[in-house]
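The two complexes that follow have chain A in common; it is paired with chain B in the first and with chain C in the second.
Showing the complex of A and B:
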């Protein structure tokens, strides 16, 4: 694996994103939209009394932002016919995976950070001193989610209904390994039941397994 | 330099390549002709390590493409139907990115290849603003950026006007003179005949005819192609 190739791909993706703002705009609006829907159907004061609810709203938002974010990663390359250029370059398929993962993670984590802010404003919720820990759980959960999401997005890049397929495949794979432990860890930080560490014991090994799977599978995933 | 022996590729029950044998010496341009569906693009993609062959062997500069695709990749430059370019980046940024993938650092080489394809004045313009012909020329610049030994071109003159095609043809001749081996598919042999040193005909996934190019040999070659493909 060539780390220089991964770094170049990540830089290129972020530069393209800064130039076009295609992904960021979509993700920010999606995040706001989801939070507005929750704001509309739930009593905003509930959040102050129920940490699990706040954690659930946050992770529902992160899940859909992550799903849409990861779908664009390989979809755009395929639609433009540029993915072959990455495969053709020496350095291995895993470098493509890492580079794309890094760029998608940077964008998704940035939007999720804004989502934390949006939730605080829309639900008049004060995260207090745990905001940094909540952010770190968001970072760990997002990385875990995207680590397998990237593999699935690459796998279904040529499918006509790839966006739906990514969601359908990601839900069962990440629900118990990443999403629910992330919700529980976040709720625990906000004063709910459960502990942070027990949930991290699920999320971190799952992420390691997902990255190992990507290392083994990605050369075949990118091949015809 | 490029050698294939009975290369096959199945897509489900359909054989895109049913046995392609080629031997292309260094510093030559080999035209691969054939009708749509003959297997030209599949052959280029196999040699480019993008598609794995189902059977047979293929070597570039002595390296087996199926056994060691990583060793083959620095040896080849590829122009496909898709330009492999990012429209929101400038021509120079596209080449710098490509250079970084191949270990070509800095602006000097990207600027040199941009000058070769006549695009240096547009170096800082976004590729999205380029015409199709300019994108094609930039694809050539991308393909030779890392100084490959072999160029694999899939219908590189398609969609170019007469002037653009002439410019690309001159560019390819220059690359051959500088030592490159070039495989180029086409289905407009009348236009491209003079560009090649030899021609191979693909028909239904097989090589059915090979001929050295001579200035006056096109009519007899076309008659032979007609005869062979009707037999097949």
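Showing the complex of A and C:
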């Protein structure tokens, strides 16, 4: 039953997104703007040949796109007063979490894939054959980030300053367990120092712990 | 007069006495460490304050975690008050631990901050996380909603600390490893223990004051509401 409810919620969110494109438009534009800012503030002569630099720029983009992406999902339900319906539907609170997470992740991963393309064009950077692996690390990092980001977004959905709060609450929790290992793993793939596996050994358990926390706490999170 | 008002000043004065004894012990009784292993024997005495500050700060955050869980289960506002008071005091204590650590680091190595020190890194994350908790409590939402929000964040926040520690485990341990150095003489351990007791008492004292303040704010709020209702 749980998976049925989660699936329905994910489908509903994605259908609504496909019709309005309100999330995607903002996120794609945001991604372009962040990359433009990096292009603008960095000396073009430096080029983007340093793997650590490319990985850092990529993840700064993914990070902010993810934060804005996750902020919308629960905020919109709250504004339209439809969250109550999702909670009351049989299947439990965790199914709401999973469904929302799936929809947000689909949207964010799609935008992040575009960001990879944008970075390649704007910085004239050739990923070469590792692009598939870089994409997989992006997938793992984004899922890890959103796994706890969804909890925070749902938690502060009713607060007046919810967008600022999501950033404030999410950065300290994920910076060291998800974002930095993701940067490090990406840099390793692009030929920098560090190893892929040791960083995955941090990100994957962290994601599992975050999902477990969501399972335990989501019934409390959804209370009104 | 509330009972807290009567005992508060007396406890503060008593603590000040204990704190002065600790300062005297740390600077007069404890011998210099072997000068070969430490660049600055005077700065070394920061240890007697730095470690107890960090300890009492960790304790404060542990209390936030425990109180958050109990609040979610019982919905008794008293536990929420304990969590918010403990978080505020904890942030102050950890801030001081970070500052004293940075000063000591500077005296020893000439650098205030080293990003490759795993324990400093973890403590810094902890500090950020609870600063965020305090920010969450300062949004002015108020009431049961804010308390529930904060309690859940208090649990997530505490759980994120070991994860952060895990994620920096590959960094070299630049921090002095506890219990394995020549400076751990019986006198040294005794002064350190006095420090731990003194700073744990400081935590409890500040917590008590903070709780009394919260209680007064609540009484004021109730009085205002009853006036508006009348």
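One rule holds for everything that comes next: the second predicted complex is superposed on the first by the 218 of 224 C-alpha atoms of A that agree within 3 Å, B and C clash if a C-alpha of one lies under 4 Å from a C-alpha of the other, contacts with A are read in each partner's own complex, and residues count from 1 in each chain.
As a convention for this text, contacts are C-beta pairs under 8 Å (C-beta built on N, C-alpha and C of every residue); 3 or more make two chains touch, one makes a residue touch a chain.
No experiment lies behind these values; they were computed from the predicted model shown.
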Which superposed partner A:223 touches (first chain B, second chain C, both, neither): both
Which superposed partner A:209 touches (first chain B, second chain C, both, neither): second
First (chain B), second (chain C), both or neither touched by A:12: first
Touch count on chain A, higher of chain B and chain C: C
Partner chain in contact with A:100 - chain B first, chain C second, else both or neither: neither
Partner chain(s) touched by A:39 [first = chain B, second = chain C, both, neither]: neither
Chain B and chain C contact sites that coincide on chain A, given as residue numbers: 223
In the complex, chain A residues that touch chain B: 4-5, 8-9, 11-12, 15-16, 19-20, 80-82, 84-92, 223-224
Partner chain A, residues of chain C touching it in the complex: 72, 121, 125, 128-129, 131-132, 135-136, 139-141, 145, 148-149, 151-153, 155-157, 159-160, 163-164, 166-168, 170
Of all residues in chain A, those that touch chain C in their complex: 148, 151-152, 155-156, 158-161, 165, 168-169, 171-173, 175-177, 180-181, 198, 202, 205-206, 209, 213, 217, 220-221, 223
Residues on chain B engaged by chain A in the complex (per definition of touch): 45, 48-52, 70, 73-74, 76, 78, 80-89, 93, 97-98, 100-103, 126, 142
